[in-house]
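Input: one structure, supplied below.
Should a chain be cited, it is by its letter among A, B, C and D, assigned in written order, with residues numbered from 1 in that chain.
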Amino acid sequence: MHTQPSLLPRNSLERYDEVRNQTLKLAATLAPDDQMIQSMPDASPTKWHLAHTTWFFETFVLTPYLRGYIPIDSRFGFLFNSYYKRLGNHPSRAIRGTFSRPTLDQILLYRTHVDNCIDELLGHETSTQVLRLLELGLNHEQQHQELIITDIKHGFWTNPLRPSYQPNQIRIVESGAGPLAWHAFDEGVYEAGHDRGGFAFDNELPQHSVYLKPFCIASRLVTNDEFQTFIADGGYTRPELWLSDGWDQVCESGWQAPLYWEQTDDGWTQFTCRGTLPLSPDEPVCHMSFYEADAFARWAGARLPTEFEWEVAANSARNSTMTFANLLESEMYHPRPAAAQTSLQQIFGDTWEWTSSPYAAYPGYCPPAGLEGEYNGKFMCNQMVLRGGSCATPSSHIRESYRNYFPPKTRWQFSGIRLAHDGTPS
Amino acid sequence: MHTQPSLLPRNSLERYDEVRNQTLKLAATLAPDDQMIQSMPDASPTKWHLAHTTWFFETFVLTPYLRGYIPIDSRFGFLFNSYYKRLGNHPSRAIRGTFSRPTLDQILLYRTHVDNCIDELLGHETSTQVLRLLELGLNHEQQHQELIITDIKHGFWTNPLRPSYQPNQIRIVESGAGPLAWHAFDEGVYEAGHDRGGFAFDNELPQHSVYLKPFCIASRLVTNDEFQTFIADGGYTRPELWLSDGWDQVCESGWQAPLYWEQTDDGWTQFTCRGTLPLSPDEPVCHMSFYEADAFARWAGARLPTEFEWEVAANSARNSTMTFANLLESEMYHPRPAAAQTSLQQIFGDTWEWTSSPYAAYPGYCPPAGLEGEYNGKFMCNQMVLRGGSCATPSSHIRESYRNYFPPKTRWQFSGIRLAHDGTPS
Amino acid sequence: MHTQPSLLPRNSLERYDEVRNQTLKLAATLAPDDQMIQSMPDASPTKWHLAHTTWFFETFVLTPYLRGYIPIDSRFGFLFNSYYKRLGNHPSRAIRGTFSRPTLDQILLYRTHVDNCIDELLGHETSTQVLRLLELGLNHEQQHQELIITDIKHGFWTNPLRPSYQPNQIRIVESGAGPLAWHAFDEGVYEAGHDRGGFAFDNELPQHSVYLKPFCIASRLVTNDEFQTFIADGGYTRPELWLSDGWDQVCESGWQAPLYWEQTDDGWTQFTCRGTLPLSPDEPVCHMSFYEADAFARWAGARLPTEFEWEVAANSARNSTMTFANLLESEMYHPRPAAAQTSLQQIFGDTWEWTSSPYAAYPGYCPPAGLEGEYNGKFMCNQMVLRGGSCATPSSHIRESYRNYFPPKTRWQFSGIRLAHDGTPS
Amino acid sequence: MHTQPSLLPRNSLERYDEVRNQTLKLAATLAPDDQMIQSMPDASPTKWHLAHTTWFFETFVLTPYLRGYIPIDSRFGFLFNSYYKRLGNHPSRAIRGTFSRPTLDQILLYRTHVDNCIDELLGHETSTQVLRLLELGLNHEQQHQELIITDIKHGFWTNPLRPSYQPNQIRIVESGAGPLAWHAFDEGVYEAGHDRGGFAFDNELPQHSVYLKPFCIASRLVTNDEFQTFIADGGYTRPELWLSDGWDQVCESGWQAPLYWEQTDDGWTQFTCRGTLPLSPDEPVCHMSFYEADAFARWAGARLPTEFEWEVAANSARNSTMTFANLLESEMYHPRPAAAQTSLQQIFGDTWEWTSSPYAAYPGYCPPAGLEGEYNGKFMCNQMVLRGGSCATPSSHIRESYRNYFPPKTRWQFSGIRLAHDGTPS
């Protein structure tokens, strides 16, 4: 899905193995039973993720480029197609939870078979196109790594027993987040979109100019403590704070707090990948819809940044030390408090950050031809852009120009809030 | 749920083991993955059936009657409660497919634990009440044995790969069904309901008199061949043949044939517990809603029998040789053609038979007090009575007075048609 | 829809005019705006009732029997068809509220045109078939007279201004209902269904024998006061009192009292055809679903009567003075307290009485051929029988054998409760 | 909702009367019955529009500014509130079709009463704030003028008789549209948003700079003929042409053509305000969703313009003769073919033009304080911007910076397509 082919290093296969193994590692502690859960149509079973990411390499790389490739089961081409209409029909997303066959064991064999064939292919094929598609497949797989985490978290939450994805080990409570500081940016024409070498998705292109008014952006994410103040101030009961669609959603769904929060006699708890824990006040607030992020910002007398403001701010911090980056590899699977300092923090990792930008094409955007085109461009409607990655995002997957997107009512992703406001610091 | 306590033989434990083992046997060929499938809210995962039937003994027998009983996991009391409101809340039926924990292995341990405790209890406890509840639990488990078959069949049908529950072995095609004959019964007062010793559910009681007009009932079930004629004659496109609710259902669901039928270039096929097979013309038609059964009967110039007509006919054949009884133990899990003879056949087994009787209380019906009362009586509305058992019904579970019931649109059970008409043979 | 043609007197036309004028009278106080309201798909606009009852005479009588009949607008044959599938398609019920054209004035012209043609037809046509169809049409129109009242009541309730159908005159509070007495009936074979001369609908036929156990039935309807005790005792919050479907309905709809009741600082009020009034304790409770009637009966340690018990009781009172019959002609449009006496009262009028009988065919039932057959028989599924008529039922329309039916969740009809119990008086 | 108060001329009252009379004129040919229709929740009855626009002046102007103002009915403040949450609850939009009371006559009295009071107020009150609110009310009423047309058109379409809003007079077929020409614009920073004196809504502000790449925009709207080619080429059956949400909508709704089109033996027809007419090939295609506009553009090898590209193009034509402007005052209520010339045409009127821009706040946007703020800003999510007005838009209501917005599946507005593409003319 990138239009500027990236130069792949000699060690393509090494990276391939690394990413593929990471996926297996995420599933390793889950029983075959766990890997069948589909707790809502938006989520998929773990084993489906294992199979679908494999299907991607089979469909985009092996079938067209490995002479004499023989699929382990020709029916998987249909079964594990997620969306691509040009390949013909595909199963309805809502029934993935019924795919007991192939069993998990068979899916692991499927992975091995495809991995072996990729190994063979790379032994004698180094065309740019193949390397490009391989890189695309690895980035695709990394997206599903994040979904493995968020989907099993939701699945376990649905089970009244509330199992833990990870052992419920003692967490070291980190020093609290400091006061929020504002970083100011001047009016002017900025460049947005992917500009450097390396991989990028098509929706980050082409790089283009945007005209921004002066703005300020917050040094860190909004905390649980700050969000509790919003709740205590009637945040979920005051329609004037909400977009019309957001208020309808609140009324219909009975939302009174972010997803995974529960009020108990001992105060608020949150369900995490390590089970149910007391709510930690200094951690970034997480698992909220765009509607809630937007309402909170309005209540706070601020607003969400546009995706371009976010990107300009992120670019400005490009060379700073990202000391607190909390991404997939930290194996926390949970956001962490900011440090007590005023520099721009938490740009990458911890939580995705809702922006005020609807997801739309960049000027001159052109989706790739053929199958690859049935991807980012198909969803440029009714979704909002999120930036910065989360604690479930692989570190080699995120960058300043990366655009994630979800419908505004989405809550099961690790999504949080960074505030902004117009003009100069107040 | 019976009000006349049945006398249990000394070999209560023997029967207990037999029924419990039968359940395990039905699940034995299924992978842990398979046992997680919940393909619609009406169906439940196999492993849930394994656990819930165990929960029944724990809740109704062990907790009240085994001193010092210690549950293997106290949370299962909530988790595997299907419906009983007096026990407090219970999980929504629709989320059973997310119960990956306890894993299948843990559920099997749960079964063993409860079985051991029942063993212990029966060593020194032989009160009528305990034996009665034990028998109730075994009949309850037998109902779930049938559901294990019907639910996994639906689950496998939902998977586009269409796996088989049983190996797709060659079936011996049996000699075709003979012509349908009519058996006549005189006007008069008959007794209906359970009358003899042995177990019965509360809804079969009390025995009572019913006044019947003269009627005739068919010697055998309607066949696939006969039903195809109905389809070919526009059966699914002619509103005058249908009840109003039935026609709405046809239009809304797009029904054009019974569940599991598919039209291919080579003719109709049906999905079975042995995979997809060509439609066999002489087999009883199966997997149809009450609406379809009713429309077929109207088209055929006949009607469905009332449940009392059915019972009178069944009673009349009580001492005949049930040569063709095809019940769970035959391990066909599929209905079989009638024999080429005119006697009353297929009364038990093969398919449940829709009657024209709405499911209602018998005169003087009184549900048991307490927990047990939250069962048959709760559903006496919006359901139709089926009689006779199916190829998935255990043979010790069915009898002339047995009343099954489902909403009229239900199709995933092994449900078929026996015709009747008014007056004397035409 | 009767199979035994009734002998019509010479004064057919007189009766025709009487019934047709009664309909106009019911609509006379309503503005054209009012007559457009369709507040839910189950209800129809007043003007639609005016047109559809006219359509019935046009379709069933004039078109087939008046030579050279010319419709005022040939499109009305489609537009005002309610259901009859043999006539081809018909508009969806839910869009009747968009039929602004023909305007009310045009519909009144349509009525006059058809009335004139019926007048002409009766001048020279007295075939039994025509007189029979005419009588059918008049009974059909009387059914819609009741619906005019119940539908506009619901429509006005939906409007936040809560307009009155009738001027809000002072009502004379009548002497309170006396204590409830029980009337006992012996076990035995009884006859049920229509037996005498005069009109009957097909679903009241054929008369047939039923075997009843001994039972008792209440002397009067349950009162508002009695129902308030049920509410105060947690009636709407205790699942053990409800059928399973009923409890689901309560939870889904948030029911806490009968339809049209509201709790205010000054106590309960009820919305009536004369506006919002304080709840009168001795009036029969009204506007309740079968589920609520059934739950109340269970709470009261009683049950609802079957439709046959009801009919036997009503037949026993056939020659008594019906002093308190409160039917359409009383122009109350609201139920009235019983008298302080112990005889069987309120058999006819006041409120329809839910029975425990699902609506099903009588033995030997045979719907009429052709168009007429698309009526009562089409709905013999998922409905419960009500007996006795209400304060909105024309007096010449009700009789002991009359069977009304509605789905069990229906509340907008004038539907109430008469209790029964097994055996001899306690 | 403007932040730059406009200077109103002495003749405020004159303009007030003109706008108010225009509304009455649009309703004048409709019967009371017609004015009750609500054919879907998105549409409102004509009489509701008459009342709600009046309520606006009462609530925003008379109540706060006319001393001693006495409402004609204090309950209207609740009844005719459309949305404003700060005023407390408001009726659900879906029940407006039940507001038979007040009757149409009473609503006309309500209008007169409020008009008289405005007259009185303007006799001695000329504060800028009042004049500003008056102008806001008139612009609000003009929006509802357009809705009166589009809502009654939909209502009449729902009635199977398909009545006409206007007499079905012969239309002079105008000379056909010429070939489509492209107008090119250079890369650079442009100003967008309202800049001049006069009224504007808050969402057109503040004026701000946008950076545009070079683009071309079409000289005229897409025609019915061109859209038929899309259909004939399988446009509605090829998922690759559609956004993902759009394709889901097509499948769910069964769309095969724009709203109001029907295929007959004599070719396509379209339902218009003058009844059903043959489809005229040179007229602009109309009544389509954003999804259809977007799919057509993709099929045509082009795209929709952004709202800023549209505005830049419209500004460039500001001083040209708008010879073919077909707005409300032409009383066509239907789009008209373009002239056979290559200049920019149909910028205003004929059909609203879907842009590719999601509806979002301009940089520095600030909704007004208080009640006024509950308007444009509340809907900045899940909607797409349309530009240019339609044949139902009053001419004094439209301008280059005007932003209309609807959810992307909306079809009942007069909405059409103008194409654009990147770069220089091809």
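Assorted remarks:
We take it that a residue touches a chain if its C-beta (ideal position, glycine included) is under 8 Å from a C-beta of that chain, and two chains touch if they have at least 3 such contacts.
A quick note: this is a predicted structure, and the numbers were derived from the prediction, not measured.
Looking at the partners of chain A and chain B together, they share no chain.
Chain centres here are Cα means. That of chain B falls 38 Å from that of chain C.
With centres defined as mean CA coordinates, chain D is found 59 Å away from chain B.
The list of touching chain pairs reads A-B, A-D, B-C, C-D.
Of all residues in chain D, only 83, 85-86, 189, 208-213, 239-240, 243-247, 290-291, 294, 306, 356-358, 360-361, 363-364, 373-374, 378-382, 384, 408, 422 touch chain A in the complex they form. By the touch criterion stated above, chain C contacts chain D in their complex at residues 31-39, 47, 75, 78-79, 91, 95, 97-104, 155-156, 158-161, 163.
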